[in-house]
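These notes open a run of structures that come right after.
What follows is chain A paired twice: with chain B in the first complex and chain C in the second.
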Partner chain A sequence: MRSIRRSSELVRSALAALALAGVGCSNELPAPLPSAATDASQPRRGGMLTTASFGDIRTLDPANVADGLVPQILESMFAGLIDYDVEGKIVPDLAERWTVSEDGTQFRFVLREGVRFHDGEELTADDVKRSVERALHPTSPNPYASYLASISGFARFVGGKAEHLDGVTVDGRYVVTFRLDAPDAAFLPLLAMPPLRPVCRSGGTRYVETWHPCGAGPFKLLPGGWDHGRQITVVRHDGYFRPGLPYLDAVRTLFHVNLTSQRFKFTTGDQDILRDFLSPDLLKFQADPRWKPYGEYELDKQVAGLAMNTEMAPFDNIELRRAIASALDREHLVLIRAANMRPANLPVPPAVEGYDATLKGQTFDLTAALEHMKRAGYAYDPVARTGGYPTPIPYTTYSQGIDEYMVQVTMQQLARIGIRLDVRVVDYAAFLALRGRRKQVAFGPAFWTQDYPEAGSFLEPLFHSRSINDEESNNSAFYANPRVDELVDRARHELDAARRKKIYGEAQEIICDEAPWAFTHYYRFYAQWHPYVRDYKPHPMATTDPTRVWIDRVAGRTAARAVFSGDVYAKLFGDGSPRGAPLSRSAGPR
Partner chain B sequence: MGVAIVGALVLFALLGPLLSSHDPYESDFVRGISADKLPVGPNATFWLGTDRLFRDELVRLAVGARLSLFIGIAATLIATATGGVVGIIAGWFEGRMLDAALMRIVDIGLAFPFLLLVMALAAALDHTTPTTILLTLGLTGWLGTARIVRAKTMQLRNLDFVTASRALGQSTPMIMLRHVLPNVAGPLVVVATVSVAQMILAESVLSFLGGGIAPPTPTWGHMLFEGQDYFTTSPWISLAPGLAIMASVLGFNMLGEGLRDALDPQKQ
Partner chain C sequence: MIARLGRRLVWAVFVVWATVTLAFVVSHALPSDAVRMVAGPQARPQDIARIRSELGLDQSLWVQYARFMSRLVHVAPAGAPQGDKAHATCAPLVGRLHLDLGKSAQQRRPVVTILAERMPRTLVLALAAAFVQVLLGVSAGVLAASRKKTAIDHLAVGVSLLGISAPTFIIGLFFQWFFAYRLRLLPLDGWGDTFMGHVASVILPALTLGVFGAAYYTRMVRDEMIGQLGQDYIRTARAKGLSRRAVVVRHALRNALMPIVTILGIDVGTLIGGAIVTESIFRWPGIGSLSVTAMLDRDGPVIMGCVLVTAVAVVLSTIAVDFVYAALDPRVRAEQ
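Right, the complex of A and B next:
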């Protein structure tokens, strides 16, 4: 009797849990939060912009861009000689203008006068040279350093044989010149990225981890503004060289916020811009006409595929690699995350200079794939299901990422040409370590995000033999082809854009044919914001550039949620506002 | 009721794949995907809808049932056999060095949370298969059983019929086999039945947290994990394995309770 009673209690509890689950399972998106004045065109000062990420940052120094999230925070704190505008064009920033010598080896920058660092000191040409040397010094863990090897004297400087970098000279208080050993098409794109941006004199001449970040960008970090692992808040730099900018009082980035939490924070107005979506949520936002005007894709900056280790069996057999590249139906693969992925047939994503839409690249062709299997010596009869590669090929991937789903569809597609996979799942850190180690991983996922917006940023690290190392090899297919090496090197020294594109095109055709990777998709992020976030446009390189963004928010329940604790407010603004006081400026105009 | 639920589960595991003509490992990019590129909900073609890779949820659930039941029962057999042997030996030699050594091993094992121990072992394995998972669960799940059997053996060893057997010159292993084992079998069966539920749950947790069997093999825990991102748009992906886990745990627990009541002499 007791048993029956307990059982029915259990059943009742279970039903109650189900009912609760059903209640929480709402399919409707809330409406966007409106702006205070829909017709306002004059930017208003004040307010705080909040963004969030599931990731984190470890460093905040232009000389050590260690994490993918760092550039967007650096963009708001450190101004460069030049920068990318929201259209992806290189424009002057700290430099008022620049000239390039006829042979393309000298770049002379004239700086704006009166630019102030966050600490109030004036920025001069000496600061530019000091910051470049600090960033490229061998004691600096700068992942970009090797890209800048074309600067004269680089080898002697990083080799410790010279105290200063000869290729950077100060030609006046506001004039600095960069000399290159040879023309380098990547130089300006690289200079527009964060690594060489000037830092305050407190940054010294050598990289030090304990330095408090200080630059000449529109926002500055106050002591206590970075709560490691939780959030960072940067506040307006009142001495910013562009008059009247920025409009915002502060920009806050929250870390380690999972995707579901971000979705709810965003829809309730506790987060102003949403970028990390659950796949079905993104489809819903995009399909909702109320949200559609306030969302935009960022540029495709990431290519992904399956890397086949050319030094290991069976992928030392080029025909087998070609078979796999031809067997992947990319149109189906991208349906796994339809809102973010587009089919990839080339190593260079469409938004990157050097992409050539006229190239055929790798395409799905089952007949060709079966023919390649035959040539590889593993003929497969898809009707009788006989033949094919005799044993399952080990495939190493990482747990709980998108590839865990990609590989399941890949397995279905490769089964059609007689290839079976033996999937081994490891954690992400172990995967990265194994993938970069020689003769460790035969087959697995690969992906790359641009370091600078030019084809070389993909082809050199991924497919140049120079990028092969015994450990931490970026060239995870361990692919070496002297012709590809020569083309990639030649393109980098070619300053004519059309000729460079042609050279890169030839390299891409060879890579697609020899298939060290079977390219699968380009990944692009989508940004969604509330209508009260004005003049926001995703930045092509830094994701978010808050310099010209302004907030026009209705005061009310959701607006009042944006509160600082009194201590933090006092630290950030120094006016001793009472604990828990709402950041009234975030609610509208002053 | 427990018998009915467990019976239904077994039938579903055996016959479920026959209910659908779909391949549990094959995505259907034509009928399994909606116009807005989401999995389709339950319909005439896919009775339980499709999962996030547009595969038939029903047939995957049935294949998952086979795996979950197999792992749950096999791991329980290992745990019960190991726990039974260790418990009888320790109980028989109570107070001696052997008993102390065995019980310290049990104490140390029980000091670790069961799931944490299982996860650590699974993470240490280079390659997880159904066999490695059931061995991991079985070889870590016997500790509680050993304690219960030891206590029961300690009671039995001083009873008259055991003393009589010793006086008649029966060897210790024979007494254990003929007199002790049959008398601890009742509680052992009850513990084992409840243990199946725990093993199914442990395997699900392990798979949910990414330490289980590698994809694309369907396991209820991993199916639950795969559905969590889609809970607001395609709740059936999570609900189906969630309900299956709940039903199996409920069924085996109720079966265990029923057996305990049936085998309890005081209730008879």
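Right, the complex of A and C next:
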């Protein structure tokens, strides 16, 4: 009798578990966790904001920004002379104001007085010059040093022939001047990026790997705050120069969190902002009216396409390149990840200064593509399926990236004009090495993310002949056109935004016509947050700027650390599941 | 015994050297550029060249290998000052004997420091997983063998088949979803911040690895036990009036465990080398996830460090198994 009862309990439990699994696997998203007072407009101090990423950071030094994740943490720790606001406009930060000389070669910054570093020291013009020299010194592993080559004396300083950088001068305790060799439209955007941000005197005059990061940003890193490979927690800098800010006590970023775990953490409130989505999840969040008000796209900062090596056959034939650019149905291609990708027709993404919506760019036109094939000498009859390019073209791509899927659609689309591909898949590191090597990769995926929000950030590295090298070539199409070179150089020295846009427009028209790339899509990220995360807006450069964010949370869902802390049976069969109402736990840091 | 141990250790040094050398050659032969991975996909050639020179990667392969081997285990000069830059990336082994794996190209920290952070976490997971797989595997195997051809036997065999068939990422995700997300009994992932946090955090990854490994152990113990239970000495033991439990546990199980000891030793060695998938799912900061990241980033010094740890762990555990085997089995002892 006892064993029968046991058996029936076993069966019942097994069935319940199956039923539970069925419920858990349903398509319904749990409700967002509400804020304490939906109409509260007065920011509340306290709490910790938790974000996560599948990636990791490598170093925490503005002089060595070597991964895509670290800028958002640097943004919270290091204030710059200038910065971007949430609308993408350059605004004063540590600098109270600045003036530009008439010839555009001198930038004079007047610093705010009384700004304190995390260690309590006052920030002065000397610190600005010291930090710039520290970041650009030849012993610094700064991967962006050469971007600042327009500063006077750069070559001598980087070449080790000068102790100091002549182009940066201290003109008073709170005044610092940058002199350039020639007008440079990219200078201010570059200055707003992390590499030249002032660091504490403990950072010294040269890059040292063992330095404890210290700046003048709204949050600071305490000893032990960074558990490498796991998480980093930065806490409020009470001496931050903007009174009352930041509101949060701390910001925590978790690393190496896979997408499934992030979804679990986010919906249970253990993570406050979600940015890395499984593709189906993103569509669900966007379609759910409960979540929609708390999600927003970040700016398009990345362009992608297919790079055709103009030095290698068959892509030394311009008509063949044009045929491929015309044969791609971009509206169809982007369906692979419709929530993140938008069809691209130009090399400069829409959110970047220099984008011109009036330009036609590359468009899908099958008839034109067939005509280009004919002019290339490879006429193709799509009805009889005869002709076309005689042999499969090698296409080198990398594993575990979106292109693994895209190339399958690309193959189908190019087959319509008589082009077959021989796809070779290598790993990402090998792909990066191969694509930059001269006469190595004929055809393959290409992508570029803005280094600074200006068209030159795309056109110069990708299509200027100066960017061609035997190894490590960023111009992976090995495309050279003197007219494009001249336009890109002229635009960089043109300080008038309207005239610069026109020059960039002409360059883009040539590039689209000569098709060293067939542009496919712009990629944009989507951020989702809980209603209790207040005043959050994705930062145009650093993704997340927590300076003005505040938390208005009544019922946090703390991770259940106490084993069997509640009625397990009720959790299994009752409404104790994460999709129910929030548990009544107190607010505050978790 | 001492002489035998000495011979085995000399052989172990050779095996570790050969493994490390092979890994060095292979990691440099790959068609990729470690400096590009350090500087980022968009760095300019002039910046890449500067960083390459700074990391010493502009030297020939032989120069790099000679430098690596000469630094790997070396004797520090007597009276070297504290914080000597020449030994900033070293870890003292014994006395003035230092281990130096260089510094990570990506993290810019000594590799020995990174490994020292990861090793305790990896050991905890490896030992916990080994405990789970032995406990579950041996219990289920003994139960199945002693209840041969009953429902319990069929259940144990069926469950073990399921365990072998299901990959760890399925088991791990299920455990994560059920115990952490639905029931909220245990942390979803991570390492925890307190002692109890560490204990709670290790349960799910250890169960994931343990269930997978236990499936093999169940089958092996069951087969071995069935073989042992049919032996004459078991019949004799029963005839002498020993209880069923005493016969199974004291006589049959002891003999049936011999192959388990062999497998367990190698398993522990491999687990110390890192449970790559499980560590990734549970964000366990161990050697496995470090190896994957280092390989993807082409971080040569860290790759060499991970290879060294794995090679040493497997070689030492194999030696340990040999000695344990001899201790358990008088026949092996007599042969030696």
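Basically, the second predicted complex is superposed on the first by the 531 of 590 C-alpha atoms of A that agree within 3 Å, B and C clash if a C-alpha of one lies under 4 Å from a C-alpha of the other, contacts with A are read in each partner's own complex, and residues count from 1 in each chain.
Convention: a residue touches a chain if its C-beta (ideal position, glycine included) is under 8 Å from a C-beta of that chain, and two chains touch if they have at least 3 such contacts.
None of these values were measured; they are calculated from a predicted model.
With both structures placed on the common chain, the touch criterion links A:162 to neither chain B nor chain C. Looking at the shared chain after the overlay, A:66 reaches chain C, while chain B stays out of its contact range.
In the superposed model, A:279 makes contact with chain B only, not with chain C.
In the superposition on chain A, A:336 makes contact with chain B only, while chain C stays out of contact range. In the superposition on chain A, A:379 makes contact with neither chain B nor chain C.
When both complexes are overlaid on chain A, the residue A:408 reaches chain B alone and has no touch with chain C. Using the contact criterion defined above for the overlaid structures, shared-chain residue A:318 touches neither chain B nor chain C, since it reaches no partner.
Touched residues of chain A were counted for both chain B and chain C, and C has more of them. Within chain A, the residues touching chain B in one complex and chain C in the other are 21, 427.
Within the complex formed with chain A, the chain C residues making contact are 30-34, 36-48, 50-51, 54, 103, 106-109, 114, 117-118, 173, 176-178, 180-191, 196-197, 200, 280-281, 283, 285, 289-290, 293, 296-298. Of all residues in chain A, those touching chain B in their complex are 2-4, 6-7, 10-11, 14, 18, 21-22, 25-27, 259, 278-281, 283-284, 287, 332, 335-336, 338-339, 399-400, 404-405, 407-409, 411-412, 423-425, 427.
Chain contact summary for the complex, chain A toward chain C: residues 20-21, 24, 56, 58-59, 64, 66-68, 138-139, 141-147, 158, 209, 227-231, 254, 256-258, 260-261, 264-265, 268, 270, 426-430, 432-434, 436, 448-449, 451, 461, 467, 469, 471-474, 559-561, 563-564, 568, 571-572, 577-578. Touching chain A in their complex are the following residues of chain B: 1-2, 25-27, 29, 33, 36-38, 52-54, 123, 126-128, 210, 214-216, 225-226, 229-235, 239, 242-243, 246, 250, 253-254, 257-258, 261.
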